[in-house]
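In the two assemblies presented below, chain A is common to both, partnered first by chain B and then by chain C.
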Partner chain A sequence: MTELYPGYDVLAKRWTQSWNEQTRAVIDARLAAPREPIFFTPDEWRCLSAVCDRIMPQAENRPPVPLAAYVDLKLREGFLDGYRYAAMPPQDEAWRRGLAALDDEAMRLHAARFHALSTARQDHLLSRMQRGELNGTAWGAMPSALFFAHRVIPDITHAYYAHPTAWNEIGFGGPASPRGYVRMALDRRDPWEAAEAKPGEEERARRENDRVG
Partner chain B sequence: MKTIVSADPFAGPRATGGRAPDVFRAGAWVPMRQFDDSETVDFVVVGTGAGGAPLIARLAEGGFSVVGFDAGPYFRPLEDFASDEMEQNKLYWNDMRVVDGANPLTMGGKNSGKAVGGSTVHFAMVSLRFRPEWFKSHSVLGYGVDWPLDWREMWGYYTKAERALSISGPLRYPWGPKRPAYPYRAHEMNGAAVLLAKGCEAMGISWTPTPLATVSAPHGASPPCVYRGFCRFGCSTNAKQSQLVTFVPRALRAGAEIRDLAMVARIEMGSAGRATGVHYIREGRWRFQRARNVVVAGYAIETPRLLLASATNRYSNGLANSSGLVGKNLMTQSNQAVFGTMQEEVRWYKGPPSLAITEHWNYDDEKNFVGGYCWMAQGPLPIEWATIQTGSRGLWGQALRDEMAKYNHQVGLKMVGEMLPNEANRVTLADETDQYGLKVARVTYGWGDNDKALIQHALGQMQTSLEAVGAREIFRQEDDTNHLAGTARMGFGADTSVINSDCRSWDVPNLWVCDGSVFPTTGGVNPSLTITAIALRTADRIKALAARGEL
Partner chain C sequence: MGAGFVEPAPWRSWRVRASPTSQKTRVPAERTPWDPDVAVRAGRRLNRASGTIAASVLLDSAIEHYRGSFHNKAMFAPLVSSALSLLAGLHGSGDRRPRPHPARDAAYASAALIGIIGTAFHIYNVGKRPGGFSFQNLFYSAPIGAPAALILSGMLGFLAERVRDNAPGTKPTIAGLAAGRVVAAGVAVGLLGTVGEAGLLHFRGAYHDPFMFLPVTVPPFAAALMGNAAMGSARKPRGFTRWWLRLTAVLGFAGSGFHIMGVARNMGGWRNWRQNVLNGPPIPAPPAFTGLALAALAALSLIEDQDG
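Moving on to the complex of A and B:
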């Protein structure tokens, strides 16, 4: 994928009026999150990392967002969603059981654990999970479709779109307090917003994006 | 700019030692009167949101001794609120609830807050009046049930609520009976709102800038809104007129006490059939506050949860529940949406998310279903937008990343629709317990045929509007719901309702309910202004009853 917002880095605004001290502290902590598992076992970690790579495949020209680490953080800190479906176990139990069940499905189908499968086979298994077609005994009473929709998808994609790297990719303004925004109309951007590279204007966009900080 | 990053608001109570946080000045405090547990206060109010906070303030201003409890922390917006979707999850009621039924509800940020100020700390600030006929929807419109309130009286309380919250809005509102001009001018519209307006004009229906509880000019210590767009994740400038920065400070000035991080577990009943106080946990210690009156203002899940959890041998079905209706007739509102991609850059993250609205279908009865709905412009931030893409379209992998890249060109319209009361939709107590050792709520919900017909009508109308402005790649978000109501409905008699028009329990004369759970029907607009208007009325009624010696 070509860069839509070439050179845009929301972190360049870190010391501008768009970021206050409490936001800097929160984002700093997020960027400094440990990269190693604390909640997950090594087997679970390998499976989870492979799942993350397929749910949110990442660009190769920049450091990856450590998605599995953020899932681990959520579970060990016990951050809850405020509800769970009656058919679902609590989130830590759901993740442990779901990853084990995915490895179990991979073993029965392909005689290898999930992380060792080709990406095509991984995607095929994940698609079947999404449709609720994985029913091995390792799932217990947990419907695989609910595990996909209410654990795999939100826990991984929320972690991705909470990260400055993702904000750069989609041209989101990011933190905006206390300065906020001034130009509200269609097709208007403030100088501290990402400039989109229209065809033939990539260099101009890059120059604008160099100045957002 | 002076900034003090304060200590963890969850670590321990802040409203203590004769003072409470000054939400307008970093590091500062305001004096707070405090009461002893053994002192019998006139009123305990459980909950400090859109219903609880105005009632606490107005009762204290009326000379009553009042203690307001909230299970959540006492935030300092200037110091505690980051510009960050994930961090600000701390504003929500994230404790466990079990959801089931044919259409299980999404809880958490969508519909509940756990903070002093309640969910108004993170609400979208949309401040609308009911259509007058909804107060008599059964007798006038032929569905639902009637309210024991008169719309003309409510119109006056709406005006008071709009003034107290400095609502910004249009000079003339296009629908319903005449109402005063809004106290503050309407906000500038962002691109998403302009596209709503253009769509409505193409369809030949009215639209208006949305009446919003964020100031468009300075008010007291609140500066005008800077359009940073994180409204639903807490306002870090205090432009938003949440209860935390309006009625709560008023309550403190009038001599009320606010107890943060104080979870009320049970209402105690005395031998005379009256409540005697509340059991609560604060700083890890169980305590009992004596009171002459108890008001439950915990919203449509926590209010019935507390009434049911207060069951005794004498009140085996829970308090105020001789009708058997506590917890029943839970209503949410349909919150479906239609989204598309524009050629133009919309950048919908700027400004309040819902700067324009049409209530056309709330006031047009030529439909093949009952009830109404409005729709508003949208501005989801990245995590919410990803949730919509994954939830509605089943996207993941590279397909998700590719769609997310269109973020700055997206446009959307989202409804707030009326769902009908149904006793099968309800709150009960589950067997599992939360961190306080209290049974969690089980929330059971399913949509009815009329609900589904209304949703399909709205989706079609919103799609027509987006097509009219040239949106491409249009898709529908079919499954979303938001605000809550019902579960302790007001009514005309003890056998068909939980409370009377004064929000007073039919069964226990010194037990009251004052929040969205009192709604018999929910209407097609956001409920917060109606909750606040009812709270202001309830305060007046209590003062009138007290003057006659009838409390």
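Moving on to the complex of A and C:
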């Protein structure tokens, strides 16, 4: 995929008016999240990492966003959604049970844990989960379709878009604190926002993005 | 109304006969001698008042239209026009010749014209948005009252030139009316319009600071005093009006000071100036009141110098 925001690096705002001490502290903490399981067991971690790779495949030419680590962090710190489907257990319990059930389905179908399967087989299992067709005893009363739609997808995609790498990809400005935005109308750009490369304007966008701060 | 109003001809013929050095000695004894410099002095003061408003418009429209990314090329027009009006004000302020200047007249006329077009444009801009003329759009889209300040600068400058456009030693008139009264009436209307703009935007700001009530209390009273001066007796002492106008003039600059503090109170303060100068209260806007008060003081002098 061609870069939509060539040369844009949201972290270049670090020492500009856009960020202050609090902003830097928040981003630093996020970037320093440990890349290892603390909430999850090693088995759960391997399964989760494999699920993350299929739900949010990442480019090879850059350090990946630590998706599994952010999910681990969310559960460890107890960041809740503010609501829960009645058929779903609390989020930490849902994740433990869902990952165990996925490994269980993999063992029954293919005699291997989920992370050890080919990507095609992983995708097949995930698709069946999405359609609610996985209903082994390991799931308990939790519908696999609800686990897919309300735990797997949101937790992993939210983890992805919490990282500056994803912000660069979509031209997001990061935390608007202390500096906000003053040009609120549609399709208007503040000089400290990422410049989108319209076809034929890649160089202009790159120059603009060099100045974003 | 003085005699000069209804029969200006003798004054004109008198001017033609007079030599500049001996004007006063030739004034008929029963007539109050008109200082030939009165009109020029009033004209210069009005040039200055017009220039003050033009400076306010120049800075304000530059900031606000920069914020609007000069999306429409016409958004450069008020910058050019107010800059020319400001130059005309500076030039007129130093010009002691008792006649209008065609370049200044052109600058002022175009300022008034562009101000009128800008007002229409801003009205159109508000009206075309979803919700039309709702408070939301009046608050957050193009401010309807802002281009009117350019009209005021043009109007005051135009009046400055008309005041000069009187034979030296005659009572200055504009379109047959006493010049001081015309300017006083114009200033009263201008003050009320500017109060409307400040009132709307301070209402949007929820009058969160009690000082935000000042521009909706002090200038309206000044407008009332000027309305009275425009209609009332020229011989009545108006010391209180003068002091009230001086207060209004100071208020214009104080307003900028308050707005500078307002910018500082936004998140990030002045360090985050690229955001807050645009997003905070408009620093260059309040001196429009100063310009109007200066014009009002010039008008008062003209009225008081008049022969009743």
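Note that the second predicted complex is superposed on the first by the 209 of 213 C-alpha atoms of A that agree within 3 Å, B and C clash if a C-alpha of one lies under 4 Å from a C-alpha of the other, contacts with A are read in each partner's own complex, and residues count from 1 in each chain.
Definition applied: contacts are C-beta pairs under 8 Å (C-beta built on N, C-alpha and C of every residue); 3 or more make two chains touch, one makes a residue touch a chain.
This is a predicted model, so every value here is computed, not measured.
S.K.: Kindly say whether there is room for both chain B and chain C on chain A in the superposition, answering fit or clash.
M.R.: With chain A as the common anchor, chain B and chain C collide in the superposed model.
S.K.: Is A:Trp192 touching the first partner chain B, the second partner chain C, both, or neither of them?
M.R.: So A:Trp192 only meets chain C here.
S.K.: In the overlay, answer first, second, both or neither for which of chain B and chain C A:Pro175 touches.
M.R.: First partner only.
S.K.: In the overlay, answer first, second, both or neither for which of chain B and chain C A:Asn20 touches.
M.R.: both
S.K.: Among the partners chain B and chain C, which is in contact with a greater number of residues of chain A?
M.R.: The partner that reaches more residues of chain A in the superposed model: B.
S.K.: So, A:Glu203: does it touch chain B (first), chain C (second), both, or neither?
M.R.: Neither partner.
S.K.: Tell me which region of chain B runs into chain C after superposition, given the options 96-104, 186-194 or 276-284.
M.R.: For chain B, the listed stretch overlapping chain C after superposition is 186-194.
S.K.: Show which residues of chain A both chain B and chain C reach, each in its own complex.
M.R.: Chain A residues touching both partners: 20, 177-184, 188-189.
S.K.: Can you check the complex and tell me which residues of chain A touch chain B?
M.R.: Chain A reaches chain B through residues 1, 4, 18-23, 25-27, 30, 54-57, 79-87, 90, 123, 126, 130, 149, 153-154, 157-158, 160-162, 166-167, 169-189, 193-194, 196.
S.K.: Please output the residues of chain C touching chain A within their complex, sorted ascending.
M.R.: Going by the criterion above, the answer is residues 67-69, 71, 140, 267-268, 271-275, 278-279.
S.K.: Per the contact definition, I'd like the list of chain A residues that touch chain C in the complex.
M.R.: Spelled out, the residues of chain A in touch with chain C are 17, 20, 177-184, 188-189, 191-192.
S.K.: Help me check something: in the complex, which residues belonging to chain B touch chain A?
M.R.: Within the complex, chain B contacts chain A at residues 1, 3, 5, 79-87, 89, 92-100, 104-109, 112, 188-191, 194-195, 225-230, 236-237, 342, 344-347, 349-351, 381-383, 385-387, 390-391, 394, 396-398, 400-402, 404-405, 407-408, 442-443.
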